[in-house]
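Next come two complexes, and both contain chain A; in the first it sits with chain B, in the second with chain C.
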Partner chain A sequence: MKYILRFSLLLFFLQSFFFNLSAQLLGGGEVHGSFQTDGQLYQKDSVIGAESIAEKVAFNSFFEMRYINKNFEAGMRYELFMPPMQGYDVRWKGAGFANKYVRYNGEKLEVTAGNFYEQFGSGMILRSYQEWNLGFDNALNGVRVKYKLKGLTITGLVAKQRFYWDLGPGTIRGVDAQVSLNEVIDKLKDKKTRIGLGGSFVSRYQTDQDPLYVLPENVGAFAGRFEIYRAAFNMKFEASGKINDPNASNNMIYKNGNAALLELGYSKKGFGMTLQAARADNMDFRSNRASSGFDLPISYIPAMTAQHAYSLAAMYPYASQANGQMGLQANIFYKIKKGKTLGGKYGTNININYALSQSIYKQAINDSTYIGQNGTLGYETDLFKIGEDRYYSDFNIKVQRKLSKKWDVSLMFMNVFYNMLINEGHQEADVHANIGIADIWWKYKPFNSLHFEIQELVTQQDQGNWSSVMIEYNRKGLFAAVIALYNQGISGQSDPVLYPSVTTGYTQGANRFSLSYGKQREGILCVGGVCRAVPAANGFSITINSSF
Partner chain B sequence: MKVLHWITMMIFLTLFGSFTADQKSPIPSVDVKSLDGKIINTSSFQNDGNPIIISFWATWCKPCIQELTTISEVYPEWQEETGVKLIAISVDNSRTSNAVLPLVNGKAWDYEVYLDENSDFKRAMGVNVVPHTFLVNGKGEIVWQHTSFTEGSELELIALVRKLKNGEEIPSH
Partner chain C sequence: MKSKLNLLFLGFLLSIFALSSCDKVEPPYMLSNGNIISGDTVRKIFFEDYTGHKCPNCPQAHKILEDLKVVYGDRIVVVAIHTGFFSMTSSAPWDYDFTTSDGEAISAFYGANSVGLPKGVVNRKKVNGSYLIDRAEFATAVSLALDSTPLLPEIYIELDGTYHSLDSTISVEAKMTALSDLPSGKYNISLIVTESEIVKPQKNTDASLGTTPEILDYHHEHVYRAAINNPWGEEFANSTISNGQTFQKSYTNFKIGADWNPSQLHLVAVVYYADGANEKQVIQAQQIDL
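And then the complex of A and B:
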């Protein structure tokens, strides 16, 4: 008791000390922050495989604050997982100040010490980022310096990566330069063509304690990028490489890695398109060579496919294969003008998207070595030869038209191919599915709307057909929605399952509160005027969100 | 280490307590990228003394697209009446950011659009879910914020813009 009293007194003095300090030394400044709490009360359900947990209730929560005063900034984020909600890694369990930093943000020089996030180019050889709702955070912990001149930014960093409540074993050193030629070279200043260049180098140091192999302790990766814009055209090219890095994800092969991305775009008012081609070979790069899954990635090679916001369209998402994939994607946006036959009273929006991902070509290095054999160079490949295995394809078309002041309709069709072994890691029949969606808004009076969403997924594989119906009501900040998701199952293999849920909530300013009850699959949920990733749930769940 | 945590927390609580909540603050200084590759610092956002709307959105966020499409229908009138400018910040990462330029043009939006690929500006503004909209007054101070878009949200927004234009104070939420 005495101890607690003393401690409180100490805190009180400290507090008044810092109060004076802040008032006198810092002279003003501002504090901003935000927080989010998700709580879930679990109910057991043998049908959907939900378990009740010993604690009955699980919480994921964070509270983040930033203090800014002229060129000085400091911030911290407290996180709490007690215990983590189901669907989140159990290693998150715990609480504490997970993110702390101080920063000097001058006109030319920016220095950050502590935790920070960074991306070089598209992230091919370095990206640290956070996705709270997905339970992902590979924040860097160290020092970063940015030096900015006219048209030139140079970034250097030394750091370790966050690994749940610990740090990864590898040390990351990185440098990046980004140049805007039009700003650096006076002659190009007023030219219509804009050119950007960039280059980066990243190295990971991790000791070699392997009893079997001699492993490189310093693994270097490098990347270069080029982008050009002229009137309606644009082009981007980015390529990267990595020296040999035997690791858990590539079965300990000594092959070098590389990746490339090419993007061509044309767009003017009313029409826009992009074409992309990408290839990645042995580019899984982590700050611990023994890690796999979502642990400690340094490189970011995303799935080059659309990110869908309807639950059934998002049911079979592609899992990017940094160690070997070749892909193509085309995206077209078109607006049929109002007044035309097909345009209607307000115009009609059309979006067509196609994405394909295949394996890369692989050939054994000699007769006595199998492809991907550990301790060898793994395989030989050809940059322009496409592998035989199809990993994923998605063709989808969306048409949206405002029919009148009160009615707005969107229709979507999607055809998806999903390789089970590559995307989920088990031997099962690959999924061929067709999906149809109708999304209808009825704004029956000002500030009031009803929203109907009907989705149907048809497939002979996996769990068979799915249907989903949602009715949502919105009135100013208030919303309520009923969702019924139904899985027919496959006769003789799996039983039908119904996932009913109700959700309601209220938004005022940047504060939001929502409450749900029922069975919910994990995925993206767009209700009450926002979209967010949600975990699988069964029972009551509550979410509070606030920014200030 | 525990003690250090407490001390840092106390510093923050104290700082927090010593500033009033309705304080007006400038736009934080973060680099974002324009759709023709220019690096722009967010602290340089300005609109000749007229109000600015900053809207965080993403290509995969349906309510965000609804919000920006709804406003685009009345945007010319809003601009004429109040001189307001809308700056749309895409938080798409490098997986989906390639769709931003064709989408913006395909939908014939007239906004100033920037990419915030690694969410630096999103973090600096304390945005957790999209859409999230801020109002900035003619002096470049953030005076209001709101999350979500539902039927009629745009009417509330323009009403506040009109107040700002007339130099009236607006409630922070």
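And then the complex of A and C:
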């Protein structure tokens, strides 16, 4: 505890120092940045399966700063994992300037050297990003040039990817063009219909030193996209492909890969809907063919499912399957106007969401080859045939109504199906769960509120039923919460376990400080279908973040 | 007009780029056997295969090692160390315990007991900053260790072992001969007993290798049984070593386990740097059948 306080004081000091520096010293330029520290004290708790660590306390921390002066920009990010918090890859251990770049940002030309993040289209063949809470960073390290003309942006890059404190072995070369037809073609200039087109190509080079396989050293992936907007309607279509890329994740098969995404949307005041359909087949693309898991992805195939914030709703999240999935998602938002019978005094918001993900259809290429056999073309498939295995489904409905100036209530129901083998990799019964949530805010006087959250998850599988109750007190930037999470267990298999915790924190402007003490359950955290396991923990944890 | 020209130019650039940076591979996708180089004074590598009977992807790793044996013959000395979550026992038929305290000691050093399996360690040398490698890296790592290094090893190991059926013991004699000068430092020899053809169940996901989700009569090969002279071996030199210098180590009365099959036992010797910049790195490995 003493360490945490001492460390946080030091960090606050550092932050205010840089804040002053940014305000005073650099005439003509601007300094921006952000900073975060997460710390956790680990105590052994055999009831929940929490382990202690040799260092007792683990810290993940970063501090990033960018300097912008006219067309020039430079930035760096220092990261510290001493040691990484449990659940983060142990290869993060260490500290140093993990991200450094310089950039010239001219009217037509933008040049970046060093580390940068980039995404072509929806990211199907290239997406480089950082997600601090996942412990994920596949930053590119190289040179990127963007050439911006009227209605046309061309991007070219050559880079390697960040691999913890090193670089991945493959070299990535990519080009992308994005065109706004309304700006390029004069006749379309004033039309209400807006059309965008894009195309990209990405190639990975990695040497072949494998004595067993003939491997492609250059693997290319390509994608095209089309977007159209007109008043309340919009449509987006994107398709991509990849040539033979035998790799660890596809069991060394030589089949080509492909993926497609279609999105239709309609929105007006008080009503909105989106429909999405997507399919991915053998599209896991990395800058090291031997990598798997979090390591060195170039492509990004998102999970087309709602991302839930409530803890029990987020208990069984879907992990996107780039090598084979077919999914659908529909989302409808409707606001019942105030004054109507069902609308109440302030109106009522209803949100209905359904997502389904299935396997793709696969059949053997011939009688002597198994489906997915290494060193072969793997399998044959049919674009429009749905596979037999259900990976995930989620139906949820959320109703939110402000009852009065003081009371605001949200109710949610969710039904989820979760394929254990696909999402967690072990042969256990698939989970069918129903979840009910009530979220109530009571603003009993100005700047003061109480927040109640009651959640219940009912299932016969995995660890059985869960309940969670939270009471939170808010006063201006200050908050304090007590959470009791309870697992009933499954009779004859597992015992009931209570996970109590308390959290308090303070937010002022762009600075936030929070401190928690209690038990954290073992679980899975996903952002955009990219997931990591979170081990059980017992002890203090601290988070400080700030931006300037 | 100018924009259209730009578009055309871009299309042209893209197509050149696309065509020039794709390698389309035509079948056959797998290479046929290489020319096996054999002999006792050739470099051999030590491959630790971290595995478990409940590890569904481990048969695939074993298959890669088998394929590599076809290419490299006895230049790969494999020991299969059962460890971690996937090696746990449960009700029959998963009640046979393949783990050993010696094997766990080594596994824990690499952290192989707490990660997903299969994993491998080649010559106790890091690959891309990590000792543990995934099965997709096995072949390349073995090739780098064997094809990118001189054929003649720095030390040659002559190994002699006898099984005494009267008292179920093993006696071993290992003679190390330096084939080049080696810098000052500590040098260890580690002696291990492995066993093949242990027929027990194994989880499996690959239908081309057997039944899924389990193969009840799986043949477990090169299973790490015990260390003869403690898990990390024993020092045989702590000095500079000059070309031609020889060292000898003998062990007797090593009692084999009650359920080991003496006719399927192998004796493995590993000589490695025990300190300095190359600490733990294997210099030479050798295997004989008992």
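Simple rule for what comes next: the second predicted complex is superposed on the first by the 504 of 548 C-alpha atoms of A that agree within 3 Å, B and C clash if a C-alpha of one lies under 4 Å from a C-alpha of the other, contacts with A are read in each partner's own complex, and residues count from 1 in each chain.
Everything below uses one rule, namely that a contact is a pair of C-beta atoms (placed from the backbone, for glycine too) under 8 Å apart; a residue touches a chain by one contact, two chains touch by 3 or more.
What you see is a predicted model, and the numbers here were worked out from it, not measured in a lab.
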Clash or fit (per the criteria above) of chain B with chain C on chain A: fit
First (chain B), second (chain C), both or neither touched by A:Arg390: neither
Which superposed partner A:Ser449 touches (first chain B, second chain C, both, neither): first
Which superposed partner A:Arg512 touches (first chain B, second chain C, both, neither): first
First, second, both or neither for A:Tyr300, with chain B first and chain C second: first
Which superposed partner A:His432 touches (first chain B, second chain C, both, neither): neither
Touching partner for A:Lys93 - first (chain B), second (chain C), both, neither: neither
When both partners are placed on the shared chain, which of chain B and chain C touches more of chain A: B
Shortest span in Å between Cα atoms of chain B and of chain C, once chain A is used as the common reference: 17
Chain C-touching residues of chain A, taken from the complex the two chains share: 90-91, 149-152, 154, 163-166, 169, 173, 175, 177, 179, 184, 199, 201, 203, 205, 209-220, 222, 243-244, 246-248, 251-252, 254, 289-293, 369-376, 427
Interfacial residue positions of chain B with respect to chain A in the complex: 5-19, 21, 23, 25, 28-29, 31, 36-39, 58-64, 69, 73, 93-96, 98-99, 101-108, 117-120, 123-132, 144-153, 155, 172-173
Contact set on chain A toward chain B in their complex: 11, 14-15, 18-19, 22-23, 26, 28-34, 36, 64-68, 76, 78, 96-97, 100, 105, 117-119, 122-123, 127, 129-130, 132, 153, 178, 180, 194, 196, 227, 229, 234, 263, 265, 267-274, 276, 300, 302-304, 306-309, 329, 331-335, 346, 349, 351, 439, 441, 443, 446-449, 474-477, 479, 507-512, 524, 526, 528-532, 545, 547-548
Parts of chain C lying in touch with chain A, wherever the complex brings them together: 3-4, 6-7, 10, 13-14, 17-18, 21-25, 27-31, 34, 56, 60, 64, 67-68, 71-72, 111, 116, 128-130, 133-137, 139-140, 142-144, 147, 206-208, 213
